[in-house]
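In what follows, structures are represented as structure tokens.
The same chain A turns up in both complexes below, where it pairs with chain B and then with chain C.
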Partner chain A sequence: MAEQYLPERQSPLGPEYHPGSHGNFEHGVDVILSEMRPGTILQLAAWPGEERQLIEIIGKVTGLALPDGAGGGVSSGARAAFGFAPGKFTVVDEAEGLAAAFAGAITPAIGTLTDLSHGRTAIRIAGPRAEWVMAKFFAIDFALPAFPLGAGRSTNHHDVFAQIQRTGADQFDIYVFRSFARSFWKALCHASEEVGYEVQ
Partner chain B sequence: MSPRRTETGGRIDRLRTIRFTFDGAAYTGHAGDTLASALLANGVTLFGRSFKYHRPRGLLAAGVEEPNALVTMLRGEVREPNIPATMVEIYDGLVAVSQNRTPSLAWDIGALNQLGGKLLSAGFYYKTFMGPVIGPLKGTRFWMFCEHFIRRAAGLGKAGTAPDPARYERMNAFCDVLVVGSGPAGLMAAKAAADQGVRVILADLEAHFGGSANWSGEIIDGMPAADWAQRAVGQLEGNDNVRLLPRTTVWGYYDGNTLAALERVTDHKETPAKGEPRQRYWAIRAGTVVLATGSFERPLVFPGNDRPGVMLAHAAERYAVEYGVLPGQRIALFTNNDSAYRSAVALKKAGATIVAIIDVRADISNDMRRLAGEAEAELLDGHAVVATEGGKALTGLKVQRFDAMSGALSGDERSIHADSLLMSGGWSPTIHLASQAGAKAEWDPARQAFLPPKPTQRWLGAGAFTGSFSTAEAIAEGRAAGVSAAGGTAAPAALPTVEAAPGDPDPAPVFEIKAKGKSFVDFQHDVTAEDVRLAHREGFISVEHLKRYTTLGMATDQGKNSNVPGLAIMAEALGKPIPEVGTTRFRPPYTAVSIGSLAAERFGDLKPERLTPMHDWHIANGATMYSAGLWYRPMIYGLPGETVEQAYVREAKATRESAGIVDVSTLGKIAVQGPDAAEFLDRVYTNMFSTLAVGKARYGLMLREDGLAFDDGTTWRLGEQEFLMTTTTANAGKVMQHLEYFLDVIWPELKVTVTSVTDEWAGAAIGGPNARAILASCVTGTAVDNAALPFMGIVHGRIAGVPVMICRLSFSGEMAFEVYSGAGYGTHVWEALIEAGKPFGLVTYGLEALGTMRIEKGHVTGAEIDGRTTARDLHLDWMLSKKKPFIGSAMMDREGLIAPDRLELVGLIALDNRPLNGGGHIVEELDEANPHDSLGHITACCYSPALGKYIALALVKSGKARQGTRAFVSDPLRNRFGPVEIVSNHFYDPDGSRMHG
Partner chain C sequence: MLITCPYCGPRDVIEFTYQGDGNRQRPQPASQNLDAWNAYVYDRLNPAGDHNEIWQHSGGCRAHLRVVRNTVTHEILSTEFARGGHKTESRS
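And now, the complex of A and B:
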């Protein structure tokens, strides 16, 4: 197995990644920031009319039962999936190699599979002030009723396109283009300073 | 004890002393004071100089509408001008200075302007600077001569030039109900909405919620109104569904119930906490808005109404009740309505002597007579103030009998000794946001005020904003609005009871007392009643013209005090009722907004930037980085002592002699997938892609719909239904949008997905005579010889264990390969290639060498595909398929696009062996001083190590036909003129033998 000799993937955050507590944390940290580094990030797209079939395939391959409807999603810890555009889904796995599992299942009649495991960086923000900090970046309603658990959204901050999935009551996973990741991370840390944050 | 501070009272913390300076003098105040209240407590009466006449001015108001007491706040090197002292909360170390005075507030040389009063009346600039003036200084030229002096003499504060180090943030908020204003109406609305379980935001521009409850002295639910308000705030604070935003001015009401607000987060703090912004710009998307913004008390217009010591009645009441400060010891009041009587009683209770209440009305109600008695004030009904006395502080006033119906004065003047004159000209609902939301205000003849329009967006009004000036009405309307905004129905619960002073909300329709002397309408812009009449006499009778001619309402306070009196005076001059004159529409912002808060944090370190996977390696290995759009790319890898030219020449030369490697990760990459992908590409590109074999790449050109060249790049066929398109770095986003547009809108039937995979792949281009040997030494799993990897061939293998995809193509003109790996392995593969290249003298090269080699080869980039050139102009007509239509094919043969004199791509060689410059023009004439028309311009230039000459690419009229001829470069801005030879753009290896090997 050649894969076992693969080097560790380099994080795009590089010198801007500083584990520990930062900002105004003397009274505790209200936000925890981390890079998730999943092994697989896939984009799955269904042709019009094939969406339900693709949702079924996602369920079979990942075990994730995606709700029907715009922006619906689900996360199970190791795996997550959410719709981010009509007929389009992001599927994430802690492990590498999920693309191969889909390759045979998604036929040209159903849609396409695009591997973005290197191209997107997953950043997690969690904690009681996560919504507060996120509101500094995105014109999205982050309140739980408006943005339910598991759901996904496509949006952008300045020029940085982002997909966001709510993976906890006070936790969001943000997927940004790798080339923007360091810049976005810096901004996220900066915005978190006032509430006190910890980088894990 | 300061001279004006009362013994007790106010919500200031008398145990906490705050030290600050104003105009260099040290003062003290208490926590909870505003700069205005603290200075007033210290006996300061002079706060500023007026805009035009430099008249001494004191405090007029106690809130956001203050027109006179504008100060400049200093924090370190940063100065912020034009801040109302009434809105500044003092903190230890605060430094404020007055403005628009030279050399000092007390002795201002600009006060001489008062002598030229008539000259400086409305229309001064138009009359003085637009018409001809005798002599050389006329019209605009005269203005330019005078401008410097006028700008020094007239104006407000002076902005600073030091960079502002403060943090500003943007915040997005969503709510079901936004309540603007936290007086009794706003508090009731917020509470009622919150009780329905919806999400509520309550915003107030003041530091303390409560609005008029903080100073009205009324009793609500059996307790002082201020306590009732604090109890209500406490209840709201306990609700998870309520967000309270004090110090937050909602300044803009936009479409879709989107509102803009500015929160002054730390302006009141000596030192912000770590990470705390100075100000926060809130973009609020509200389901429904409850406007409970209250009302403004209006001044009366009479001679000397701007003298320091003349103040709005409610403002004095606020200073006394909220801050424990009396505006004077002997106070007179001048009013056309009942509300001033309550102020008189409040001030009396606070310890002042009320010497007189002068009321324009002859028929005073018994209730008001009783209140006047309670204040122990002499009541002068049917009287008016006709003059004020004093210099920089009021010493007295003169009154005369007045007929409110005719406006006539009669009888003898009587002098009254007073150090403070409070005026009340009625109340104007604060309808600014409703007006911004998009409808015309409606005049109410009873209230003598403009009331809010009928809503055109989802908002409801409550309290004084609607013209309901009593607290009981505010409470009832507030609750109703809150319930309704939340989509509920009101439970039949009892409303809080209110014990308030009696009073008729309707004033007498008296706005001006016509007597001798300057009577100010707009205090901040020094517009007098006579200016309004002058505008009328000169034909500016439309309210919009009046505004612009006199600048009434155009100062930073946007006429919060002055609009209605100004309109009333104009209406009288026109002989029309006020509603026929109309009013101007309010526009955002309601109050001044800092540019910093609008810019928020998108500069410096926080500006978005894109980095390639090998970015840190480049920095660590001496690269000088260059910003290309949002990307950062190595420009050169300079050696110590090298110039940029020396570095790129060395890098390019070494590449052509042996091998060089460059980071090409920034190239746009788009996955084009699906059963119709090939068909789609045939339509998008000018040339054919459906015939491309799997495992091969092809150079492609795209046109815009108008037939002009759009972008170029190679596209690789990775599978029968899978292509990897590459674009130029700069156009990646535009190409993606272009493709998505055609798929979504024009050809939705095509089964194709396009996905940006630019960031998925790290790209390294390795080129030069030894490039293949270097690859052969480090690539496993595939051969890279000519058979396995021919020109435009693609193979898959591994480098240092990492899967790679290699395509043989060349931008440099050398035998070259682009090596793509997963971005997370980019540096790993890059370093392996560098290591493999060491025996061959492999060099890293940057954008400059890349550009040099592409110029030598005559390849085009965005400098030539500039939105004006066609494929033919760039000699790419061989790529225009005749077998199929494609985007742009219908338009590319338009007459103008195939004209023989179009600018065409050529090469240039400097014949004087001096550098050429991008943008330099090509001319035919030898005469440097008179070079005649431009034939075209240089698009890219370099020193060519391959040719040993300075060369350039250029777009030149009929360029192809000029090849082999001479011309001149004319670049007067950079003092460059010299001979050039026009040649083919293919300078180097024109037959491609080096590239094809």
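And now, the complex of A and C:
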């Protein structure tokens, strides 16, 4: 099997990743931060007019029923997918090797597939004050009616581009460039100090 | 100033990059019509009022947009994808 030759991935958060409770947690931990480390992060893009075809392929390969419409998305635990731009989708899997499953399905006439598994870092923020902390970073509406479960958003924090998916009523998964991940992580930890946070 | 991206919804102007005057007519690349090239490069209406502009949602979905902005009030009168084709349902 090819899997045994895959290199072991190093976390870019490295020396800044400190499991345990931090900040003002005497009265409780209000957000939990973690690095998700999914095996696969893919970017799929459809040529104009081929969007529905691509959504269908994503459904066939991943089993995820991706809703049509701007920023529509779905997460099932092990797998997640969401639209982040017109005709463009991020697809994530806990396991490695999902790119190979798409390779035959996305023909050159339909669109493209880019494997970003080593290029993005996935950070999860969860807890009752997750919306509060996120709102300090990004100028978008994090309230549930404006940012529904499963939906994706493209935005940025001080030029650090971020794709955000809501994967729970009080949980967001943030995808940032690997090269910016440690800096973003440190900022996220600082911003979470006031509410008390736990790194898992 | 908020610009409503047809894909992302209303976003702060900081997420956008101005890509220039939307009234420009680019000549065919092989064109040797110097007047047409001169107009494309230099002629601007510079109105005090409604203005056709091209913006990119560079800090978001990265789509290029056709925007009508009032240069006096900064009111955004309309936004749409600069190039058709993507029929993705808009959020706004």
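By definition in this document, the second predicted complex is superposed on the first by the 196 of 200 C-alpha atoms of A that agree within 3 Å, B and C clash if a C-alpha of one lies under 4 Å from a C-alpha of the other, contacts with A are read in each partner's own complex, and residues count from 1 in each chain.
Just so we're on the same page, a contact is a pair of C-beta atoms (placed from the backbone, for glycine too) under 8 Å apart; a residue touches a chain by one contact, two chains touch by 3 or more.
Quick caveat, the model's predicted, so the values are computed rather than measured.
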Based on the superposed arrangement, let me know which partner A:93 touches: chain B (first), chain C (second), both, or neither? neither
Classify the contacts of A:112 with the two partner chains as first (chain B alone), second (chain C alone), both, or neither. first
Once chain A of both complexes is superposed, is A:30 in touch with chain B (first), chain C (second), both, or neither? neither
Between chain B and chain C, whom does A:153 touch in the aligned arrangement: first, second, both, or neither? second
Does the superposition put A:173 against chain B (first), chain C (second), both, or neither? neither
What is the contact status of A:135 with respect to chain B (first) and chain C (second): first, second, both, or neither? first
Which of the two, chain B or chain C, is in touch with more residues of chain A? B
Name the contact category of A:68: first (chain B only), second (chain C only), both, or neither. second
Mind working out whether A:198 is in touch with chain B, chain C, both or neither, as first, second, both or neither? neither
Indicate the residue numbers of chain A shared between its chain B interface and its chain C interface, in ascending order. 139-140, 159
Could you list, by residue number, the parts of chain C that touch chain A in their complex? 6-9, 11-12, 14-15, 59-63, 81, 83-91
Chain B residues within the chain A interface of the complex: 169-174, 199, 273-277, 283, 285, 601-602, 605-613, 615-616, 630-631, 665, 671, 673-675, 721, 751, 753, 755-762, 798, 800-802, 822-828
How about chain A: which of its residues touch chain B in the complex? 2, 5-7, 9-10, 12, 14-15, 23-24, 43, 45, 47, 108, 111-112, 114-120, 135-136, 138-141, 143, 146, 157-160, 177-180, 182-184, 186-187, 190-195
Would you mind writing out the residues of chain A in touch with chain C in their complex? 48-49, 51, 68-71, 83-88, 139-140, 153-156, 159, 161
